[in-house]
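These are the structures in question, set out in turn.
Paired with chain B in one complex and with chain C in the other, chain A is shared by the two complexes that follow.
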Partner chain A sequence: MNAELLLQNLKALKDTFEQEEQNLTQLDRVIGDGDHGVNMLRGFKAVDEKVSGTTISEVLKSTGMTLMSSVGGASGPLYGFSFVKMAGVDEDEITSDNLKSFIDEFKNAVATRGKVTGGEKTMYDVLLKASKHLEEGQPLTNEVLQQFADETKELEATKGRAAYFKKDSVGHIDPGAQSMVYVLNAISKDV
Partner chain B sequence: MKKLMKEKTNFVADMLEGIKVMDHSVEIISDNVVVRKNLKSKGVALVSGGGSGHEPAHAGFVSEGMLDAAVCGEVFTSPTPDKILDAIKHVATEEGVLLIIKNYAGDVMNFEMAQEMAEMEGIQCQSVIVRDDISIDNEQDRRGVAGTVFVHKYAGYLSDNGYNLTEIKEKVEAFIESIKTIGMAIYPCLVPTTGQYGFDLDDEKMEIGIGIHGERGIYQENIEPVDDIIKRLMNELEKEVSEKELIVMINGMGATPDSELAVIAKYFNDYAINHKLDIKKCIVGNYMTALDMQGFSITLVPYQEEYLKAFNAPTESKYFK
Partner chain C sequence: MATIGIISHSNDIAQGVKALLEQMSPSVTVIAKGGTNEGGIGTSIDTVNEVINEMEEDAMLFYDIGSSEMNLEMALDLYEGTLQLYKVDAPIVEGAFLASVSLSTGATIEEAIKSVEKEFS
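Showing the complex of A and B:
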């Protein structure tokens, strides 16, 4: 995937989040404060309007800065900082050979900023599993990513706002894990 | 959804324009940053903020004796680091800036990133994190709620009395350790940006241990008369606070009428007398709200002479009297 296609995929997330706003808000309402859909849509509307770049690195950095200054909440710095970090990978294209470097950079950035490990019912769980999946030589597909998000259903949250609800958080998909499916899909679907 | 508003995406911007109309001592710089017009020339500057929806917090406490700037995020959403940095740069003095952060993951991350950026630009910057909500067991995870307003006032007093940044941070952190709050709701709030209630609550139920972002409480109970609710909340608080001499805040969650706040004050006073509590000061009103949630929180601070002095010191904020 070249820079142009990546830019197109990232801008198209505006439509995805327009469609999924209600769904994400509903997920967040159960175990959070119900604004994840609104925040992600605001962020990717800004991405659609403002992001530019002719290299992979420029597109990722511009996306990161835009998310950081428009999303807010916890997802703003987590997504924003991670895209800026991914810009450091500096490849001409995202390919099946180097995709894991991007995902790992993403994963490490979320771990650092969010002070998360794994199994805590957060967006990080999807990243961790995506990285392992690539390591095993398996391709990332939308279905696989969705399955990783679905698996957060069974977890009891120990991080983020959902952690306040302890056992009551079981049985619901983490909203951050769900938005991560769309974001990772945009980065990996044309690889 | 019925709300007195124009566009959901413009809700916060419209609100801030309105605050400017209502209070001529503040101005708005750089989208959503409320600052004092009359800036401090010396003394540590204080910056706080968080999501909107907690009015009068935080913009209402931008005034002499309290905050120098409030950074207002979208409804219930932490502001972004660039806006926080704008606030820091605008109010910073040579003595530095203290950030007062409520312990919510988003607030902590965004404020810490702003602090790092400010330090890179050579501004002396420190932060404190308020964790007063005892409805969360693990002390490190406790949310920052109504007690944050006491922190604004105490830090303002220390700054006005010439303490330096290190001293203020130290004193405020010790103070934060001692503040304990718990809240409850009988009706959830209607969030303008989503058009949805924060949670569902049957007519005969109440939520105990709510946060201030419209999120559910920690458990539900059948509704009780208010004296029993006070007893329930005080039982929780007294597990943490054994002192008998106290400073108290009874905080309305936004849609609790003054009549009901007065009723709460009466039964709180009865409780204090029955339990031989010596209440040195009790403030009652809307300080840190959750939009139009109906309910209240009680905040206890073990009495110290300096705290009482700080809370009685003058401020221009009409919301802290």
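Showing the complex of A and C:
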């Protein structure tokens, strides 16, 4: 995937989040404050309007800075900071050989900023599993990513706003894990 | 004397804490902002940067839940100025209140941070 296609995929997330806004908001209403759908849509509307760049690095950095300013919830700094960190991976294209470097940078950034280690029912769980999946030489498909998000259903949240809901958080997919499916799909689907 | 910075999910909370501190310790400068860029409930790194950009002296920075801490940490990581800025982990109202009283009674910023940490750790 070259920079142009990456830019196109990231801008297309505006449409994805328009479609999924209600679903994400519903997930977040059960175990959070019900604004994840609105926040992500606001972020990617801004990405659609403002992001530019002619290299992979420029596109990722511009996306990160835009998300930081416009999302509004915890996903703002988490996604924003991660895209900025991914911009540090110096590659001309995202390929099946180097995709893991981008995902790992993403994963480490979320771990640093969110102080998570995995199993806490957050977006990080999807990243951790995606990284392991790539390490095993398997391709990241939308189905695989969705399965990783589905697996957060059985976990009890111990980080983020959902942690306040304790046992009541079990039985629901984490909204951040669900939005991560779309974001990772945009980065990996044309690789 | 040091400044106190307040970052909240709600601008009303930020302004409320500022009003409370200023009544108890009017000599301490308090810079408080909250909410998203659109004025809703939430936080943004821009809000934190606006607080930091108004600082003219070393400061203790207080935050409330979740993303305000992440945005504050990120803004401090990216800060390139010369002031000493400290993120303080304490309840936003009680922590900032104790800090402002400490500063107003002549404590240094280090002493004020210590007294807050002692009370809330």
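To be clear about the criterion, the second predicted complex is superposed on the first by the 191 of 191 C-alpha atoms of A that agree within 3 Å, B and C clash if a C-alpha of one lies under 4 Å from a C-alpha of the other, contacts with A are read in each partner's own complex, and residues count from 1 in each chain.
In the analysis below, a residue touches a chain if its C-beta (ideal position, glycine included) is under 8 Å from a C-beta of that chain, and two chains touch if they have at least 3 such contacts.
None of these values were measured; they are calculated from a predicted model.
J.: Which touches a greater number of chain A residues, chain B or chain C?
T.: So, of the two partners, B touches more residues of chain A.
J.: Which partner does A:G114 reach: the first (chain B), the second (chain C), both, or neither?
T.: both
J.: Is A:T25 touching the first partner chain B, the second partner chain C, both, or neither of them?
T.: First partner only.
J.: A:F165 contacts which: chain B (first), chain C (second), both, neither?
T.: The answer is first: A:F165 touches chain B but not chain C.
J.: Scan A:A74 for contacts with chain B and chain C and give back first, second, both or neither.
T.: In the superposition, A:A74 contacts both chain B and chain C.
J.: Report for A:D35: first if it touches chain B alone, second if chain C alone, otherwise both or neither.
T.: In the superposition, A:D35 contacts both chain B and chain C.
J.: Residues of chain A that sit at the chain B interface in one complex and at the chain C interface in the other, please.
T.: In chain A, residues 35, 39, 68-70, 72-78, 81, 113-114, 160-161 are touched by chain B and also by chain C.
J.: Would you tell me which residues of chain A are touching chain B in their complex?
T.: Where chain A meets chain B, its residues are 25, 29, 32-35, 37-39, 42, 68-78, 81, 113-114, 159-161, 163-165.
J.: Under the touch definition given earlier, write down the residues of chain C that touch chain A in their complex.
T.: Where chain C meets chain A, its residues are 36-38, 40-46, 65-67, 70-71, 73-74.
J.: What residues on chain B touch chain A, complex-wise?
T.: Residue list for chain B touching chain A: 9, 51, 73-83, 104-106, 109-110, 113, 135-136, 141, 143, 191, 193-194, 196, 198-199, 211, 213-216, 218.
J.: Under the definition above, what is the set of chain A residues touching chain C in their complex?
T.: Interface residues on chain A, with respect to chain C: 35, 39, 68-70, 72-78, 80-81, 113-114, 160-161.
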